[in-house]
Structures are given as C-alpha cells and as structure tokens.
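Data first, discussion second: the structure below is written as structure tokens.
In this document, chain identifiers A, B, C and D correspond to the written order of the chains, with residue numbering beginning at 1 in each.
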C-alpha cells in the first residue's frame, strides 16, 4: 500500500536536450509532491499505424542519453522493447523494460526481458481479459524474475475504440504483480484518424481518477510541453506539462483516500 | 457540485415491514453521514430472464406502502415504471419515476413519465452510447419536464457481460442532467446463470469508487440485510446492509476530493 | 428444411395505396421465385431516436388496410406491437405479431402476444446472447403458444455499431424455433447519425448471403421503391425494390445449396 | 473471381512422416475437387497462452521438411514468422510467409517479410477494424512486394470471445488484396480454458459457409486426423480429416453460386 508512483515522459525520445528538460522537470515536480517517479521514453515506435509515421531516434541515439539521465539526474528510466535482441542491450542501461500490449503474448520476448533481471512492465493486450495476464506474468516469473508490473491500457470495444474496465485493476492485483494504469493509451482511438491513431486527451484525467480511486500502484501518463506540435503518434493523448502539477495533486488526494 | 446523493433500497418490494425497516435504517445512516437519500423499491420486475422468476408484489400492494414511507419517514421514494398507464398512477405517490434501461428508447413511456411532473430517472440502455442519451433526455424535457436524471448502468461487452465506461459520466453530464452511477446493475452478468442474471458483488465498491472519483451527482446501490436469501434477481449484486456504512464513508471521502 | 421464406415490406405504413402497391409487387415477385412471403409493415415507430422523428400512421389507419391486404391479396401480414393492449387488437387482424428487439425481455408483452394464438416473432435484443433467447421463447411457449419465430438482428459491438454473429443462427435453431435473419436492421448503425439511426445498405446482401448459407428459415428485408426519400428511419438500410429480384434469386441459389 | 483456394494443414509441425501424410492426403483431396491448395504448418508457436504449452519442433527441424514437401509433392507451403531474422531464412524455402494476428502492426516484421519477395499473408489483428488493414497492406506493398493476402480471423468481442464480422470481407477486398477467411481461429475462445485457448469446432463450418457465400479468395482450415489427441493448442478448433471432403464439397458449391 505504498503511495502512488508515476511513470511519465514524452511518447518518444526527441533529443538529449529534450530528454533532460522533461526528466528534470518531472523529477522536480514529483519530488515536491512526494510521488515515486520513473522516466518513460521510447527509442522506437515499432508498431505505428502506417509506414509514413515517424519511428523515433533509434537505440543508438537514445541509450547513451538514458544512461546519462540515470547517472546525472538520478531518475529511473523505462523504455519499451520489441525484440529479444533489444532486451539484453537495453537491460544494461534502463531500470524497467516495457513489453508493448500487442506483444504481451510473445513468449520469447517475455523470457528475454525476464532474463535481464530488470523490472519488466507488461502492458495488457487489448485482446486479453484481465485474468489472462496470470499466464503472462507466469512467463516472466517462471523465467526467474519476480519483478513484474502489469499495466492496464484498455480493451478492444467495437472498432477503433478502447474501453477501460476498472474491474481489471483488482483482478490483476490478485495475480500478485503491482498494477499500473496507463491513462494515456487508454484514451487512444486506435486507427481512428486514418494513418495515425487518435485520442481524447480530456479523458486522461477522468480515467486516471477512476483508477487511482479503485487503487493502483502507479499511473502512466505521457506528457509534453507542447503535445499538439510533438512528432509523436500520441500527441492527441498527451497531457501538456503545465497541467501536470494540478493533475498529480488531485490524483495524490484520491490515492490517500484509496489507501488510507 | 452538491455532495453525493444515494439512491438505495432492496431490489424489490417484499412487505410493509421490510420496506419500513430498510428505509428507516438507510435514512438513519444517510442522515448521520450527511448524504441525500432516495429510497428505491420495485413493485414489479417486468423483464425478468424467465417466466419462473418471481415478479414482485405488484402495484396495489406496494403503492400504499410507498405513500406511507414518504409520510411517516419523510423519505423520497423512487420506483420503476414499465407502461404509460403506470406513470400517472405511480406519479401520484412517488418522487422519482425510473425508466428501465431496456425501455430507455420507448418514446410514449418517456412522455408519460414526463407528464407526471415528477423527477424522471432514465437508465441508459445497455445498447446505447453515452451521447445517445441526449435524444433520450430531450424526449423528457421536450415534454415539459426539466427534472431528468440519467443513470449509467453498463454497456454490452460481448455476451453476458457489461462494462462500465467511466468516460460516459462526463459525456452525459455535458447533456445537462445530473448523472447517477448504478453500481449494482453495472456488475450484473446478464443471462449469465441460465434462467436468472448473475453478478459479482465484489466489484460494486470498485466501480462506485471509480464513478465517485470521476464525479457524479449520486450513486445507486441495492442493499439487503441478507442478499443471498432474498427473493430478488439481484441477490448476487446487492450489498449486505452491514457493509453499507463503511462503503458510504469511503465514497463520501472520494466525493469530497472530487468536488473539493 | 423448407425453402427460404421472405418477410418484407417498407419500414413503416405510409398509405393504403402504397401498402397495396408494395404488397402486390412483392407477392408477384415471390410467387414467381417460389418463396414463401409475409408482408411486413409497422403502424408506429415507438422507439425512434428522437421526439422529432416521424412516428407512423397509427393503429387506426393501418389495421383496416392490413385486413384488406390479407383479404384482397391473400398475403400474410406481420406487424410489430409495443404494448399488451395492442396485442389483442392487432392479433385480430394480422398473422404474425412481432416483438421489437428492445422489448424482447418484457414478460407481459410476450405473454399478451402469445395469448393471441397468432405466430409471435421475437427479435433478439441487441443486449442478449443467442442462448439467452431460450428463456424468451419459453415465455411464449409457456403461455400456450408454440408458434414462435426468433430473429437475429445484430448484437451491440462497441458504440453505435452492431455485429452479426453467424454462430447465433445454429445456436438459436437448437432452441427449436425457426430462425429469421433480419438483414435490414443488422446493418443499422444505431444512433450513429445524431437524431436518427444510420446504416449501410451495401451490407444487406453481404449479411443475407452469409445467413442463408449458414441456414435460416427466412430472411427479413425492408424494401421501398425509393428508400432515400421515404419517411422512414430505416431509409439508409432499405433495399430499392428494383434490386430485390436479383437479390432474391441469389439468396434462393444459396438456400438450395444450404438445404440440399 | 477465381474459384476458392484452400490453405490447410495441421496447427503445428509434428514430424516428417506426419507432414508428408497430411500434405499428401490434402493434395489428393483438393486435386480431386479442383481447389487450389497451400499446405500450412507452423514450426513454432511463439505466442502460446502459457510457458508450459508445447512450442513446436523449431525452424531447424521443420524447414528441410517444408523444402521436401514442395519438391517431392509439388505443394505450395505456408508458415508463420515471428521475427525479422526468420523472414529471410524461411523465405528461402516456403511460398507464403504468414504474419500472425498479434504481430500485424509490427512494421519491421512486415517489411522483412515483404523483402523476401514471397507472398505475405497478414492475419488481421483481433484489435483492428477491417479498414485498418489498408495501412498494414501498404507497409508490405510500400516495401516493393505486391503479393499480399489478408486474412480475417475474428475481432475481440468482450472477454475470451471473438466474433466474425462478415462485413470485414468486402471491406478488406476493397483494399485490393485477396481475402482469406480463417475458419479455425475465428472459432477460438482465446484464453478461455485457463492455460490454453479453447474453441468450438462445430462453428468452423458455420463461419466458413458464411464467408464463402459472401465471397472470398480462400479459406484457411486447420485439420488433423485426430485433433483431440494432437499436441496442438488448436485441437478444439481443428476439423477431423475425415470430415474435410464433405465440408469442401459444400464450400465449393457455395463458391460457385457466390462467383457465378
């Protein structure tokens, strides 16, 4: 029943300067509010809707920056991995390896991530029931790594729509892994804008409040100082950084009631 | 931004004695906690899964008791109506006429309920999107009655399952009608147990906490001193009365944060 | 394993002249193709999306025409009923009473329809699983009427969308009632166009072919000589009459293979 | 409008002897019926529900057999690939590389498969709308390979259930790629039996008939001489080989009507 933690950062790695800016601001904010913090950044977007979407800076450009963020700012870093090969390389640098939702059933990837010994955060596939995550978690723990997080990020609900079933949170908590609520991707409208994925930023707070009141170990929120002009696919879902302080204060107030 | 109200009572009318017991206990509890209270009771269950399910005591037995509850205990009373004819009769006695979810698109029923001048609480059909309630509300207000409540009670999600989309709460609030969250029927597993509907009581609090944190005018919770031995179809969903005080205190704490 | 029957007609009753025109044309066409035929017409649309949608001519105007259609053209007539009171009145005149999908769980309506002794066609609610229709059928047969049809017309699939699960057809056939596939309402996009319901006419044939190949007793297709200028809510779903001959010939060819 | 083709074989590679037996029998059967045939076999099941599920013989054991099947029996061979590295290796041997549904959005895998120049069959993700496949197909064609097939295999419908939307077939055909209907995985109940995926074999024919009547380039059906004693996760969905001749004859009859 530890207080709420925050996994946050921009959707994707943009530059060393941008990463240090964002991580620094988020570190300062979360320290002030007494929230545990993990900096999130993606070096590649391997499952973008279309070929013409931007892909990210790549492993070679991002990893040294991730290493420096940890060393210089003392923040924990999370990034997502897409292949077995990436796991060992990325595992040398970051604190948390994240398995994308589409890949949550890929056994070899889960095992490779587990073998790094780092924390593994598995996002629940949009096609999975919450109880299906028991087998997913067992793939990691059965490979000798007990440090697994599971993340709710919405279930398929008709076409181009996700729905967040708040019952999934206690069901997944019963598996024994800390549960994270991804408020950014839960408001995604996958495929809903032609060649990129749309979203509805206004519901990020709606769903985050609900999840925190139900009780979660952490929330995952992508943020950017100027989401609508970022290069990211998640622009429509990211919270402007200026709105983060008030949002986090409200979430902490709900968390205190939930865990009080 | 008034504090949370509670619509509560047993699934169905059992007897004068039982109604006075339940309404009395709930009145005492809600007064102590400072929660607005409406007593809910059904005189008939017109849409039960099968012919052999019990139907309720009927209008003639229940209405005089509803009248006496109002007069003697000073509580507001809500009951559901299924035909135009019932509206005028029931409207003479109760404070709130509730339109069942399956009937939320029946124009004549909505108009007849509106014409009573009493508050009309329309449950959102399991087959409706939250924005579809705009037309439903307009059927009532367009008939000259501005006192409409809308109630979220889950959307169809595959077979024999409902899901509560918390985004529905702010979407319906934008329509302009106060929004109620029905935590009892939202955990129903319709048709899931052969000839009656099942449910999962453990999620009543899960979903109620989520909804209150998002922000609602009220919650609807069916309760009974002994749900598993009640005659009701909603036994598996009703909260034992002994658990209500602690549940309501937690919900009020979330409500204060949500509206603070 | 009788050959395919057709339930067809315009969405709603327009006038005596229009009814005789449509019923006459459809009778001639189905006789030529050797298809059993029931003329469908609604005297009222009681569950329209909004108050401002047209409602239909009403019982008093339509019933005499239905009686004359039967007498003068020798066609069977189906219409939908919305209240217990209508059942007895309508049952005097028509051959088949149809229970709308939203009302498929209303016990009193099902019993009243059953008591007429006429054939009762129950549309499966968008919120029901196919196996849930067993209890619905039992409400009619348990009231002494063995002449029940069940109609598939789509299940809720996210918001404003229906999906036709072809597995529902054999599952409902196992209940023992002849199964009809409603190709018109299965392509409806409920609520999807603001204050009326939209649809996609191009998929009427897609879904009808699928259902006939799986094996059904009949198909339900709304048709109109000029759907886009009809007064009906189902304009976007109705098949232009000129396209019916070729469509029915193809469906009969599939039916012969399915039942051969 | 070429006649129906068949992609068939056991769920997974068992042994050289078994592969030659199955491919030989299927070749003989499809030649007799005049159906184009592609032999399907998986060398690995990379996304099984749990760690304890069997994984398959592996690339090294299966590839030489696939090569010999092509050379000695003259059959085309399809297998699924899970990583970029596998594409080049597998592409040396087989005729068709299949992208699993969970991986249908993984850009690098699609490009690597495209670069082999072989036919690429992309299964539509359970989390995708049919129109979302336009971008998926463009990832392959944009990489210089015009030989793309798309396969319908069900969409997420609540938890542990898939539904086959027959409208998806013409929608995907409009993209320009031949459409295959996978009747085996469409009846899967993902995660529905604890640590393996369940299914309902009885609906394989139901859905295959529907799809062929709507109109498809081919059907995908897993078959085994003794499905209930196979090592495969798809045992509950596979059609016993003895039932294939009659099933295929019926499907061909529907195909002739559909394309006549």
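Quick note on the criterion: a contact is a pair of C-beta atoms (placed from the backbone, for glycine too) under 8 Å apart; a residue touches a chain by one contact, two chains touch by 3 or more.
If you're wondering where the values come from, they're calculated on a predicted model, not measured in any experiment.
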Original post:
By CA centroid distance, what chain is farthest from chain D?
Top reply: B
Subject >> Residue-number overlap at the chain B/chain C interface, same or different (half cut) >> reply: same
Original post:
Could you state the distance in Å from the CA-based centre of chain A to that of chain C?
Top reply: 48
Original post:
Using mean CA coordinates as chain centres, what's the chain B-chain C distance in Å?
Top reply: 33
**OP:** List the centre-to-centre spacing of chain A and chain B in whole Å, with centres computed as mean CA coordinates.
**Re:** 37
**OP:** Could you tell me which residues belong to chain C and also touch two or more other chains?
**Re:** 155, 157, 159
**OP:** Classify the chain contact graph as line, ring, star, complete or other.
**Re:** complete
Subject >> chain D residues touching chain C - in the complex, by the definition given at the top >> reply: 155, 157, 163-167, 169-170, 187, 200, 202-203, 206-207, 209-215, 250, 253-254, 257-258, 260
**OP:** Sort out for me which residues of chain D touch chain A in the complex.
**Re:** 46-51, 55, 82-84, 102-103, 105-108, 125-132, 135, 138-139, 142-143, 155-156, 159-160, 190-191, 195
**OP:** Write out the stretch or stretches of chain B touching chain D in their complex.
**Re:** 157-159, 161, 163
